[in-house]
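Right, I'll just put the structure down here and ask away after.
Letters A, B and C mark the chains in the order given here, with residues in each chain numbered from 1 onward.
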Amino acid sequence: MSEMGMLSVLDGRFVLMVLLGSVAGLFVGAIPGLSVSMATALLISITYTWEHSDALAMIMGVYVVGVFSGAVSAILINIPGAPSSVVTTLDGYPMAKKGQAYKALYTATIYSFMGSLFGLVALGLLATPVSRVALKFTKMDYFLLALFGLATVGSVSTKNYAKGLISVMLGLVISMIGLDPLMGTKRLTFGIQNLTGGINTVPALVGFFGFAEVLTVIYNRKQEQNVLTMEKSNISLREVLKHWKLSLYMSTIGMLVGALPGAGGPVASFIAYNEAKRLVKQPQVPFGEGAVEGIMASESSNNACIGGALIPMLTLAVPGDAVTAIILSVFYVHGLQPGPMFLTKSPDAFYAILAAGFIACFALLALGLLVAPRICRVITIPKNIMIPVVTCLCVIGAFACNNRLFDVGLMFAFGLIGFLMRRFDYPVAPLILAMVLGKMMDSNFRQAVSLASSADHPFLFTFGHWTTALLLLCTLAVILGNIPWTRPYVEKIRGIFRRR
Amino acid sequence: MKKMIALGMAVSMCLSMTACSVSVAPQETTAAAAATTAAAETTEKAAEALQETEAATEAAGSELVATADYPTKPLTMIIPYGAGGTTDIWGRKLAAMLEKYLGQSITVTNQGGASGSIGSQFVKEQPSDGYTLLVCAESMGTYRTMNICDLGYDDFTVISPLVGDPKVLVVGKDSKYNTLEELLDDIKANPGKITMSHSGPGGSGHNQGLVLGELGYEVAMTSFDSGNDALLGVIGGQVDFTNPNISTLGGYIESGDVKPLAVFASERMEAYPDIPAFTETVPESEKYLNIPYTLLSFVVNNGTPQEAVDVLKAAAQKVFADPEWTEFVKANAADPVFEKYTDDASIQAFYDNWKSITCWLQYDNGVAEKSPEEFGIKRIGE
Amino acid sequence: MKRKIHSLIVEGILFCGSGLALLSYSLTSYANAFNKNWGQSPYLFPLIVSLAMLGLSVWIIGEGILAMKKESGEAVAPQKGSSKQTLWVVTALVLCLVYYGALAVLKLPRITVGILGFSFLFSTFEIVTVLFLVAMMAFLGVRKWTVLVFVPLGTTLFLSIAFRTLLHVLLP
């Protein structure tokens, strides 16, 4: 049945549309400041009048390749294209600095491909069961999942856990600015009208990474060489592919987290990175200094999120992330009704999505391998030419997300804060993740409290569910395991479990 | 870098070319897309719908209501809610159909957040030239008393009320309640213990919870992120019942994930005649249920030139008469409010009545922060 | 010579202060809110975050004190940058602010040029960006005049075409 559906859409026009979308996704996504959601939003307006299979083809192309292309700017200039590529910068940029930009991009391409493929296969085979699991997640679960993500970030991105957590708190404070997600009450706006709408992720991302990088380079410009060199090396596919088993595991994480609406790519990649750090005991290069395993974990999981995020969108009409929210509107415009009956009522649209996704995966592989060796020359551009250009890109990126100059000002301010944070060894990655998750944590936590307040046993009601209990344990384990005073006890408990 | 630039340019060129080649024939594609919409909605009537739409499109060519001065450039429609919600679906449908009669394209933009006040505020700040349209939901009437922002229906010129989206009381498929009586009896027996999820404070779902409270049924209400989210809470078994709009509910009734107990209105719905009306069980609720709680309106800024308002009104009436629109209304089981109030006086009276019922309901229950009296909203019957 | 205070302690005090500020903000806002119910109050979450922040600041101060004891006054703060380095950063920031100000204040006429069937629009953004790029490159030590002329022009043209013309991003 599915093959029939596949074949019927495999005509030239369809493939061409996917390819066009892929190329557009690659370039828009690779420009720092323009994230994949921006790319979809910009390109989607063209597709409104198209036939729906064409529109879906184009959008899937943009989506799949756009998520990958966030890694390109993350690796080459330390500016993640989207929040989900933040983790890629942790190891990607150090690799580029060592002249291994090509190897980093190559790894990112291969594992993005594998991750996307895995996610889409899961979408095709497991859409209904996974959506059932997602339905069972309570409000408290979502809160704990986000908290778990934040707790791991604190630990993976810095040697000092307290500093990581401080960074998380700063991100949460930033996310609180604006109207609160449940009541619409103004918080921390101090009467500034422009802050009422809250702070968009893009100016923060561009500021904390892009502009902060600009300032750091200027600060260190006499100590670092102006021109980075590239290592000429042949990379064997076998060498890169040796982590495929781990990649499958990371993809599973990505797919499952992606299927939980609201968490999405950023959380998935952080959790995967943490897992990689835990499982790979002896990486060739330590994590954070250019370990390919780090890129593998991040890229496998954030691309697997694509298939995952499409599951709740198609079966429950709940967008899993920013991009699927935009795609959802395309569905409605084309008269497709996502929801529990979607798979049975519009199987052709479902197979068109799958087919487009698979084609886009191969487009990703081809484009990645084709473009990587060329695009990584970017790092050989002298820094004193690159830096001004990057500044301009930061300005445009911050401006384009909402068409207001206020965001550009914010971007500069964030850049300065980010620069100071780096100087004093505070990681910025947790801040971005906390910012992205803040609103969701806030509303889910309050909803959980409100739901529990009418129950007979509020505590049992909130934590009695097995997923909640499990998540709570994981979160506590991560937090306590990183606090110097409690670490020994956690290790002891772990030891007991291991002996069994 | 140069190569990157060159590549980028090449790609961009390709893109722009496709964009051009597609936009050559927008009329046909719109019709095709519209036809697909109709077909997806009502499978059995697909063929007729197609013919009808085609006929309508042909007729539309000569039925442009635009004048020489308006509209002369593309319009923007702001949906002050996120993509995929009820307001979004209807706003986009309306925009797609208005295009036919205005002869200009309409770009639909979602500006969600804060019960729709952010998008509405944005429209208010735009020039009153009739090129920025707004499709707003009922929360517009309660922004002031809820102290969300200083906007109200009187800040905008109503082109027409659109539709009401009937609300249905539902419980999950594994729920112990099978009829409305069982649920209401249990609420009476355990006041404040039965949980209900709704789409947000001051929204239509919340208002209905308040109506239940007025009638003596005290429930524990929790505000969820959206109507769909509230519904998923019920399906996932975390909440006892909720009251989603029928437009988001359709698929779930069909798939059997929920049990609809009653439609929250004084009459049964045409599309779902098996679902009893709330008043059948609780006759004393009649006085609260004669207004649509979920209400979409199509408005523009005050001060828009009369000519533009007239053109928009004429275009809207054409849309409402279009079989494609009536099919869509039927397929979504919506309440055709637009049919009932067509002249300015009745529209005004309708909104005044709506405001006084809702605002006082919220204020009396401690939901609204400010007294409706501050804003000159009279208690009904005064 | 006075013993140097460990930078961690200063940072800790800073965060402690912001935590207290947030705490008082959420408490006073809650007191002024008309709907008194912590369960769904918008100030519940800020309250929790502020408490967590206070805890963390104590932790950081503690670490700072420990580190000071261990190293007895030996400053472990990130190696102090020269004032020259700070000056560079400040200059760059000033340049950016001028750029920002120019974008915000200047309203130059829009010129539309048609090339190969495309119409290009030039406005404040293009002109200011070229000047900014030249200034920034000159500041960073680019001395080749060919680079100083062609890179800014090329970049601006590319940005303008890619964003304004093709992606319909509204540039200032």
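A few notes on this one:
One rule holds in what follows: contacts are C-beta pairs under 8 Å (C-beta built on N, C-alpha and C of every residue); 3 or more make two chains touch, one makes a residue touch a chain.
Nothing here was measured: the structure is a model prediction, and the numbers come from that model.
Chain centre most remote from that of chain B: C (centre = mean of CA atoms).
Of all chains present, the one whose mean CA position sits nearest the global mean of protein CA atoms is A.
With centres defined as mean CA coordinates, chain C is found 40 Å away from chain B. Work out the mean CA point of chain A and of chain B, and you get 32 Å between them.
Averaged C-alpha coordinates put the centre of chain A at 22 Å from the centre of chain C.
Across the assembly, chain A contributes residues 45, 182-183, 450, 453 that each touch 2 or more other chains. Contacts with at least two other chains are made by residues 8, 12, 15, 222-223 of chain B. The set of chain C residues touching two or more other chains comprises 35, 40, 162.
Every residue of chain B that touches chain A in the complex is listed here, in rising order: 1, 3-4, 7-8, 11-12, 14-15, 18-19, 22-23, 26, 29-30, 32-34, 36-41, 82-84, 88-89, 92, 96, 107, 110, 113-115, 117-118, 146, 148, 192-193, 195, 200-202, 220, 222-225, 228-229, 232-233, 235-239, 248, 250-252, 254-255, 257.
Of all the residues in chain A, the ones that touch chain B in their complex are 20, 23-24, 27, 43, 45-46, 48-52, 135-139, 179, 181-184, 196-198, 316-319, 325-326, 328-329, 331-342, 345-346, 371, 374-375, 377-378, 381, 443, 447, 450-451, 453-454, 456. Chain A contributes residues 28, 31, 42, 45, 160, 162-163, 165-166, 169, 172-173, 176, 180, 182-183, 185, 187-188, 211, 214-215, 218-222, 382-385, 387-389, 391-393, 395-396, 399-400, 403, 405, 408-409, 412, 416, 419, 423-425, 441-442, 445-446, 449-450, 453 to its touches with chain C in the complex. The touching residues of chain C, when paired with chain A in their complex, are 7, 11, 15, 18, 22, 25, 29, 33, 35, 38-46, 48-49, 52-53, 56-57, 59-60, 63, 78, 81, 85-86, 88-89, 92-93, 96-97, 99-100, 103-104, 129, 132-133, 136-137, 140-142, 147, 151-152, 155-156, 159, 162-163, 167-172.
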